[in-house]
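Before any comments, here is the structure.
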Amino acid sequence: MPATRADGRSADQLREVRITRNWLDHAEGSVLVEFGATRVLVAASVTEGVPRWRKGSGLGWVTAEYAMLPRATHSRSDRESVKGRIGGRTHEISRLVGRSLRAVIDYKALGENTIVLDCDVLQADGGTRTASITGAYVALADAVSWLRARGSLAGEPLIGSVAAISVGVIDGEVRLDLPYEEDSRAEVDLNVVATGTGELIEVQGTAEGKPFSRDVLNQLLDLGLAGCADLTRLQQEALAR
Amino acid sequence: MPATRADGRSADQLREVRITRNWLDHAEGSVLVEFGATRVLVAASVTEGVPRWRKGSGLGWVTAEYAMLPRATHSRSDRESVKGRIGGRTHEISRLVGRSLRAVIDYKALGENTIVLDCDVLQADGGTRTASITGAYVALADAVSWLRARGSLAGEPLIGSVAAISVGVIDGEVRLDLPYEEDSRAEVDLNVVATGTGELIEVQGTAEGKPFSRDVLNQLLDLGLAGCADLTRLQQEALAR
Amino acid sequence: MPATRADGRSADQLREVRITRNWLDHAEGSVLVEFGATRVLVAASVTEGVPRWRKGSGLGWVTAEYAMLPRATHSRSDRESVKGRIGGRTHEISRLVGRSLRAVIDYKALGENTIVLDCDVLQADGGTRTASITGAYVALADAVSWLRARGSLAGEPLIGSVAAISVGVIDGEVRLDLPYEEDSRAEVDLNVVATGTGELIEVQGTAEGKPFSRDVLNQLLDLGLAGCADLTRLQQEALAR
Amino acid sequence: MPATRADGRSADQLREVRITRNWLDHAEGSVLVEFGATRVLVAASVTEGVPRWRKGSGLGWVTAEYAMLPRATHSRSDRESVKGRIGGRTHEISRLVGRSLRAVIDYKALGENTIVLDCDVLQADGGTRTASITGAYVALADAVSWLRARGSLAGEPLIGSVAAISVGVIDGEVRLDLPYEEDSRAEVDLNVVATGTGELIEVQGTAEGKPFSRDVLNQLLDLGLAGCADLTRLQQEALAR
Amino acid sequence: MPATRADGRSADQLREVRITRNWLDHAEGSVLVEFGATRVLVAASVTEGVPRWRKGSGLGWVTAEYAMLPRATHSRSDRESVKGRIGGRTHEISRLVGRSLRAVIDYKALGENTIVLDCDVLQADGGTRTASITGAYVALADAVSWLRARGSLAGEPLIGSVAAISVGVIDGEVRLDLPYEEDSRAEVDLNVVATGTGELIEVQGTAEGKPFSRDVLNQLLDLGLAGCADLTRLQQEALAR
Amino acid sequence: MPATRADGRSADQLREVRITRNWLDHAEGSVLVEFGATRVLVAASVTEGVPRWRKGSGLGWVTAEYAMLPRATHSRSDRESVKGRIGGRTHEISRLVGRSLRAVIDYKALGENTIVLDCDVLQADGGTRTASITGAYVALADAVSWLRARGSLAGEPLIGSVAAISVGVIDGEVRLDLPYEEDSRAEVDLNVVATGTGELIEVQGTAEGKPFSRDVLNQLLDLGLAGCADLTRLQQEALAR
């Protein structure tokens, strides 16, 4: 495909992706993940034990919380702590990230341990939820290694890897990894969460401007799955460092 | 497909769907929509004017709120009003319903009027979000007619119809319109929101048990789009009454 | 008395009252109660055990929560869940309903079980609190029967029945069972909660326009107690069906 | 009636009532009102203007807020500010106090001014709501005088006076002005709010132990109205000082 | 120093200080403390046991809550309970009062008992936080005596006394114990919390108008420590009565 | 002084301080400030206009908000947004940062513009409030330059510079710039906020273990002011880059 995008990328090309492990000193796993100018700090926190409703089951638990710093965006947003309530978008993305990671977890092998993934967006330029998932997988893998090193596991809790990417239709063209400038005027917006072996964990497609056909959906899925495969490779490289 | 389901339905069959219009006396549009034992009361409220951020634009607004009565479910849930906060699931579904209806609205034709769709689940047996969207379209159509009768419209605000249905993989079989018993043990869960002409508005698929293939996704989409077509017909019949 | 009211009723006449039992599938007791256009869905939820402060006492507990759907009224109200707080009126009525039902409960016979009565107003046309109490008694009776059938009772927890009705002074005339149109311009407003044997459980009278005399109070009480007697009969008929 | 009460009073006797005006320096009216050991500080705050929904009507507004200090009671209660929400009892009493005072206000004569009555219970020994109403009337009268002195009134806003007292059935005997020790074990509890001319503003009677007859209600009303007459005299004396 | 202040005091002179013990009947210690027109009611509440995080340690706990009545100030403030959140200033002062008192407590001698100091400002005219601390020490001493009389102590929990005073620079002059009129236009504002033996517990100095020198700080500290010594004497006198 | 500290520093030595400007793309000023392992991201957001209470005054406004990411600390803390309320410590530090910066602002020269300083602690190792103030000054200076470049200023709003440092008594020795390990066991803890010319803006000293003398306070102030002078130099170097 020809390079028609404002940032010079071809339609099927990821932005520059950087995955920096161990960005924090205290967390059991931590990653600064960057998709272009989008910058998310992910911290994986391990605690012994599980929520009350799961106690005694022998099963572990993985959950996630997503949030944005007030000036991650072009204009400042009020803090949700100051407003005294979590917004719908924050809730929705927190749930998506948690669900996506749980899809590759064997709770039994994890044992009665809990891992919380905190995804805090330091700077937003589109794709914050997909960067969060992609980075969180790496932080999760490090937290699992930390548990393994302590001899706290009953087996291998990671039954796969997870990556996520946004795709969309802009100016009638299907494109991969939308920055804010494209995202804000996309006609269709699709987030794909996939395993390292190319199976689907979550597909969320939304008509922003007008309804879309099965054919467009198929093109978007092709592009998204190819993007996830690229991300999977970058995750493996980061974990190998 | 053979009838293998607990309620005797075939895999591609809807539950009994009832759409009762004008269930309330005050609302500009109201529908009691039932998908089997799932029962949602939808009220469409019209107010002149739009939210502050939209004033003077000449454009209208449509939004939705979803909630469940405390004893809609098998065991009683605490009220969100008593807890003092909206849960993530409530937020997520409210946003989905609003987005789905806005996809068929011409804001210009609506003029500076706001329509709020309140979807209150009186009884839940799976598919409450898809029943909400399907019923809300009918209530919205009635609210639009009410505005038309008052001469408050600048054109035809409804540029299409919307219906929604859940599909899933249960015991390895793709099935339409999941009741709670199936939904709670589905391996894959997909909600399809489509227009009356079969185009997609929203696709949300989630691996509940394990990741799924493109092939499974395609089967689910086929089934879901067929279900939406059936619902479209039932909506038209209700509106014709 | 002559029929001087907008809806053709005589001053001492109830609106049409309908009590539909088992309106919900899951609740241990449920009633759709209608006083004219006022429509309240009452669900009785039984749980084993009692609140912490009552544990080990051998005594049961009964409580109630009242709420209105946003479009129960002529114009839409914001949801209390969205506002993040319960309003004073909601609090006040929830407390009244709970107190009224507890007046006919023998906690010892109930044993350490809790029954929660959820009264959700689907449509409001005056008298929502009295319809709630009247319907809640029937739902409570069904919940008690459910407990009895399970052999969970230590005796008969219901030591009486409860009904409630509003009375008021409109255009200088005392009237029974006020619809919204009358309630909103009543000079005096009185709610009477009484047992099936005609004794008083709660009397709440308020001068809306101007203070009232003992004589007026007496006329209102006569009318209210007669209305409660009528409702008691309708409750017994509903429970006999 | 013979003196049978723990504090030596006869059944129809008030506790010692003290009404101290101008307890605060800043408020336009302020009263420390004491019914025995119950001590309520009432401040009347005048502001020019009325709430938004009343602007331009030419009418004034009067409202009230009631609260208890955490250690007003025998054991300490958590602050509602710390809990982040107002309890049902607080809401209910705030509404009662406001309603009671509004019954003697001519909004037109008040003009577009607002008077807020803050009733803060410094020490509680039963009857806090009736002491609040009784004291608030005096603070209100002072605030009205303050407005009159400034020439801000369009006439006489006070069309009467208000007093309130609790009565109840304890050990089968009807008694006036219940201290906590009696209130907590009363079989029936009635609050009477009346004008200085003996008309009723509010009657709230509750069966605490068991339902009560019309005859008992009548005895309670006799006693309560006599108590209100005594309080009216004490209010007039305080205002004359 | 010459008397240059609006209220006729010399620069190093306290306002009239009144410490009235046992102002409440129920609290284990209670004080109405007045610094001129500033009037704070302090209640000390003793409960057996300590917060969860301290259980089994053998150590006691002391904490404080500060609040203002809505009309303590010149114009009425909204209640924090109604706003549903505690403001920053309230939080800050509550923490300061608690910290100050804990500085003279031997937790071991207190045993597993908790003392809560509630400081409620009935009227504010500057110095509410320093009056709160000064009064709270006296209420605390009474609560400790109450515990001692019950034989609940493992030794002497009070290892010193605490007093606090505000000092500031107004019109270029350092002054002691600022009333609101001075506080609101102070160039520098310093609160000193000191023990009865003249050692420092807390020093909080703020440039309100412009930064200040070490020399000014030293003058303020001299004045503040002298004021604390005066207050210590008044506390001892009050406790001796 | 000899090097007696765990990290090899002498008692009067700062940790390694790094001030990285323009860490964010969108904010009008942004700094990543590091005091050793303490890492705070400061964003300065400029908006035209001022809060309502200041409109039409011709004066600008500067305020600050401080918060910590959940895993900034050794063990994870719950988010204040999830808890639905801001804690006392957060409130207190937000107020301190805002006050400190306002001390060097000429509101008139700023004109009716608002600058919000968001200080988000990415990693905490003691001194987060002093690092916040020190970094916020640099971000503020950049935001002021941004306003100057746009021609939006009426003069020079920065009338000085601000830096802050913590000092304390550990093991009987006065030390500069405490990391968490020292801070958590300090006997006395003092935060000094000073201008670039060595005058005081804020002094907050607290006896953590036991009361302290004037002499100790003086040693702490000497050390703190010397530390602020070092920080001032580092701020100037950063701004010169």
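Per-chain numbering from 1; labels A, B, C, D, E and F assigned in written order.
Rule of thumb we're sticking to: a residue touches a chain if its C-beta (ideal position, glycine included) is under 8 Å from a C-beta of that chain, and two chains touch if they have at least 3 such contacts.
These are the chains along with the protein names UniProt gives them: A, B, C, D, E, F = Ribonuclease PH.
These numbers were taken from a predicted model, which means no experiment stands behind them.
Enquirer: Among the remaining chains, which ones contact both subunit A (Ribonuclease PH) and subunit E (Ribonuclease PH)?
Expert: F
Enquirer: Hey, what chains does subunit B (Ribonuclease PH) share as contacts with subunit F (Ribonuclease PH)?
Expert: Both-contact set = A.
Enquirer: Hey, which chain ends up farthest from subunit D (Ribonuclease PH), C-alpha centres compared?
Expert: Ranked by distance of C-alpha centres from subunit D (Ribonuclease PH), the top chain is A.
Enquirer: In terms of residue numbering, is the interface formed by subunit C (Ribonuclease PH) and subunit D (Ribonuclease PH) classified as same (over half shared) or different (under half shared)?
Expert: Same: when the shared numbers are divided by all numbers used, the fraction is over half.
Enquirer: Averaging only over C-alpha atoms, locate the centres of subunit C (Ribonuclease PH) and subunit F (Ribonuclease PH) and give their separation in whole Å.
Expert: For subunit C (Ribonuclease PH) versus subunit F (Ribonuclease PH), the centre distance works out to 59 Å.
Enquirer: Go ahead and note the Å separation of the Cα centroids belonging to subunit A (Ribonuclease PH) and subunit F (Ribonuclease PH).
Expert: The answer is 33 Å.
Enquirer: When the C-alpha atoms of subunit E (Ribonuclease PH) and subunit F (Ribonuclease PH) are each averaged to a single point, how far apart are the two points in Å?
Expert: So the centroids are 28 Å from each other.
Enquirer: Can you pull out the residues of subunit D (Ribonuclease PH) that are in contact with at least two other chains?
Expert: 84-86
Enquirer: Quick one: do these chains touch in a line, a ring, a star, all-to-all (complete), or other?
Expert: Chain contacts: single closed ring, each chain with exactly two partners.
Enquirer: From subunit C (Ribonuclease PH), moving on to its ring neighbour subunit D (Ribonuclease PH), which chains come in turn until the ring closes?
Expert: C, D, E, F, A, B
Enquirer: If we count contacts the way the header does, which residues on subunit B (Ribonuclease PH) are in touch with subunit C (Ribonuclease PH) in the complex?
Expert: Of all residues in subunit B (Ribonuclease PH), those touching subunit C (Ribonuclease PH) are 24-27, 30, 37, 41, 43, 45, 47, 65, 67, 69-76, 79-86, 90, 116, 118, 120, 122-123, 125.
Enquirer: Provide the residue numbers of subunit E (Ribonuclease PH) that touch subunit F (Ribonuclease PH) in the complex, in ascending order.
Expert: On the subunit E (Ribonuclease PH) side, the touching residues are 85-89, 91-92, 94-95, 99, 103, 160, 190, 194-195, 197, 199-207, 210-214, 217, 221, 225.
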